[in-house]
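By letter and in written order, the chains are A, B and C; residue numbering begins at 1 in each of them.
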Amino acid sequence: MTGRCPAAGERIGRGAIRWSGLSRERGKCCFVGLAIGATVTKNNPSHYFEDFELGSLIRHATPRTVTQGDVALYTALYGGRFAVQSSDAFAGAIGYPRAPLDDFLVFHVIFGKTVPDVSLNAVANLGYAQCRFLAPVFPGDTLSAVSEVIGLKENSSHKTGVVYVRSSGFRQDGTKVLEFIRWVMVRKRDEAAAAHDEHVPALTYVAPEALGSACPSISVADYDFDLAGAPYRFADYTVGERIDHVDGMTVEEAEHQMATRLYQNTARVHFNQFSERQSRFGRRLIYGGHVISLARALSFNGLANAFHVSAINAGRHVAPLFAGETVFAWSEILARSELPGRDDVGALQVRTIATKDRPCSDFPPAAGDQTDPAVILELDYWVLVPR
Amino acid sequence: MTGRCPAAGERIGRGAIRWSGLSRERGKCCFVGLAIGATVTKNNPSHYFEDFELGSLIRHATPRTVTQGDVALYTALYGGRFAVQSSDAFAGAIGYPRAPLDDFLVFHVIFGKTVPDVSLNAVANLGYAQCRFLAPVFPGDTLSAVSEVIGLKENSSHKTGVVYVRSSGFRQDGTKVLEFIRWVMVRKRDEAAAAHDEHVPALTYVAPEALGSACPSISVADYDFDLAGAPYRFADYTVGERIDHVDGMTVEEAEHQMATRLYQNTARVHFNQFSERQSRFGRRLIYGGHVISLARALSFNGLANAFHVSAINAGRHVAPLFAGETVFAWSEILARSELPGRDDVGALQVRTIATKDRPCSDFPPAAGDQTDPAVILELDYWVLVPR
Amino acid sequence: MTGRCPAAGERIGRGAIRWSGLSRERGKCCFVGLAIGATVTKNNPSHYFEDFELGSLIRHATPRTVTQGDVALYTALYGGRFAVQSSDAFAGAIGYPRAPLDDFLVFHVIFGKTVPDVSLNAVANLGYAQCRFLAPVFPGDTLSAVSEVIGLKENSSHKTGVVYVRSSGFRQDGTKVLEFIRWVMVRKRDEAAAAHDEHVPALTYVAPEALGSACPSISVADYDFDLAGAPYRFADYTVGERIDHVDGMTVEEAEHQMATRLYQNTARVHFNQFSERQSRFGRRLIYGGHVISLARALSFNGLANAFHVSAINAGRHVAPLFAGETVFAWSEILARSELPGRDDVGALQVRTIATKDRPCSDFPPAAGDQTDPAVILELDYWVLVPR
């Protein structure tokens, strides 16, 4: 059973081609199928560490038309109440053509596409960074995703390596709607395989200049703060301010499975109790993005006018969440930034901490040694708020 | 920590303004945020009894565009089979522009909006009355809600009081689609706070003249009784007739949570197992409206042509429902009424009784001392049936 | 309490009429309601064996407009990733007007309509055959169903009999979109009732000529195999080839209940834990169609370009599935067939075997004595694949 690809320099695995215009005929790469007897196994073995190559581009399956059906399910799964995403009338009044999709719904759909190619053989999702929302997405748009391998670093054990990819999401018209970097620890198929040249990309924080891309110019005079649920504007938030989001949300197996399938995310640990029973946790892991969406929905209670997530600086899943546990959250305002040339909205850098089975009225910390054992998520991101 | 509002006569809490055209600038009312140190807590503490004032109007967050996605979820949650709500073709044939939303879906969405302002600090939801459906709602419509405080009565304990509100739902064009009265027992923030003048509104039953508002003139000749599922018309039902709806439906935690979030209802008892574990029931309570929708869906089996709920006289949640329990229902025809000037439809006043873990073939009673211990809901409402 | 119908030759039960143009006035048939005292029970007792008559046609309730909401829920329930059904852009590029509904979603909706009339009193669903998808269905279409009784065979016990029906699904414009035969064992109301003349229809396999009906001519040059998820075409599959679909999917009660209600399928065993507690299994049975849809979604991993199910030769539910169990699947290519006059697509006859709590890497058999005890489904069907 040899899966090494003689043409790996040109093409890695299913759908993985250089941008140089290489043809996509099947059969070019032995990696697309492992020979067993006379035929080839046609299921997707995904990629191992040595299959990735710096600079390679992977066009991911499956393009997905997002619809009002997805929006309704997203509401049913998280209970979000941000007016811009809930109401065509509200969104239309301030300058959107209609209600855009929730930013994290867009993120999850794009992220989900990358899983079968990037992280199906991952030991761990190590982090993500430099996530920017670049254009709004509306019901009816079709989303697709491409990832570029931007870093590789074999671990000293020779059993695994870290792969860095920059993943981009596109609308049907070619507009890039989202971009983010993530890095995962991936198994090697063959410990003896030669190591790649090591390359670790520089990761930076998102610059404030880039924060307004996905938000049209809005008419603040037509932004109805009663309907939005709170009177607070950009100027009302102060750096260092902490907000308890109060409410708790218990997660059920059916809910996170439906969410994760809605995103066509195929990571096996979320769905297969038969195999997870043998894992160290003994049960299905909940997709980290589910926690993010819960925390975002809870954050409405205190951040009701933070109507758009424009960037994610960093996300850290500190501990796993399991069905039956209850998620709470609190946020701290890390920074405030005006947007160059815009007086309609300002940007708040927010750190949201989510916990499980622990209310956040005393703001449990998530910093180094002092991290509260109940903390499951630390998310550092930018939101836009009317001025 | 004082939350009393010096301008309470003009404005109560978040989004609560008189209809007199008062400005909505933030900061006018100290109640919108409780001071802690230098900043203000921005989460919503909702209203306590002494915050409500007779005649005040509360414009609720969040406006919500209802869509075919909501319709599909509603079907998945309850399994309703009424032809008018299921089929654009059927609805179009009899005179609707297309299939309208299920009446209770409209009710739940409007009701949900009132929760954060009216009943987040409620000890008990005491009742509702005079609910009238005034105009049909279609996918694509945006719903918003306003409540007027129409009654106040402090309890002798001085710890709580009863608040009566008339809540109205509107479409994006300003058409009122729904109106109902409900009353809740709400905590006082401060037992020593002065009592309001007591005012208890007169509650009446809905008059038959008002029952046709949300139903266009229909063509009974084009109403296909085969496709609708039963041959029975207005004239086939007799006062006193009792109908066992036969089927039982078991409710799961994920189902009622998804439903209640779909309605953006934020009542904490439905979602937070961590805190409910400490409650007297030890578990999450299921939203009473979930039981109503289940009973309505079950009632198809015997009331298949009762295609529109036009009014609710009274609803009583006799006992709570919990996940894992199975809902059954039966109905009695209380009255029959022709509609003035209409020969297409007639109105039936129906009392539907829902039970848990008890089939209804022997019509378990829900009257005073004789109330069967399995009864969880008694709903007195009007439906329209073709003549 | 006599439920025999004096006019049974003309009309059986609710909505059951001959195609000969008989009027549909209510009251013609005493079977539509059983007399109790002065009134008639209006719930649906469905049909017993002696109520069916050879050649009768049953027009089923409830017509159903299928929407993008249903599509989103279907994705959330099964996680399907076939590009044609997921993306309007992908479907549009190859020649569909837009993304069609998943074939099994259409099947389940039509099947669901037949349950209240055909199988509510069934002891067992014995099988189905000759299922053909005849026209694509798109969001916005309204589906309705009609069944013809094509066979009757009383069992020697005189307690039950087998009823064969040919069920057809139609779009709002009258186009037939689906046809299948199924047979169920139904109780007799009265063991002493005279037996029907026995008639057992001949069942045949679907002919390859009939396989292309629901698939427009597609442009293979515009079929993007990267986006579709695999490079394999018709010519890459060989008869006898076996494919492990690798992944496992655990099913929750809330999921299969929501799915089955979405299809408006009223079979009681799926929803009523109170009564199923007394059954031989002690719990709710999962709708067999739910297993089919799970197996189809899992089969993407190996059959990604099998974008359309064009026919089902036979389906066998070997054992029941219960919530908490994990479904796996594998497939064997039984035959390959070109389609007369078409060079865009070819047909593969596939047998997919689903198991519970047992991975399929060693292809557990489902044949007679050798059937693995973990097998729950054997499905023999035709799919179309680009050439």
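Methods note: a residue touches a chain if its C-beta (ideal position, glycine included) is under 8 Å from a C-beta of that chain, and two chains touch if they have at least 3 such contacts.
Worth saying up front: this structure is predicted, and the values here are computed from it rather than measured.
Comparing the residue numbers each copy contributes, subunit A and subunit C share less than half of them at their mutual interface. Summary of the copy comparison: rotating subunit A onto subunit B for the best CA superposition needs 120 degrees, to the nearest 5. Once the centre of each chain is set as its mean CA position, subunit A and subunit C turn out to be 37 Å apart. Within subunit B, residues 67-70, 72-73, 252-255, 258 each touch two or more of the remaining chains.
Interface residues of subunit A, counted against subunit C in their complex, comprise 14-15, 17, 24-27, 32, 38-44, 59-65, 67-70, 72-73, 116, 139-140, 142, 144, 172, 252-255, 257-262, 264, 266, 268, 271-275, 284. Subunit C makes touch with subunit A in their complex at residues 67-73, 75-79, 81-83, 86-90, 99, 225-233, 236-238, 241, 243-250, 252-255, 258, 301-304, 324-326, 328, 357, 359.
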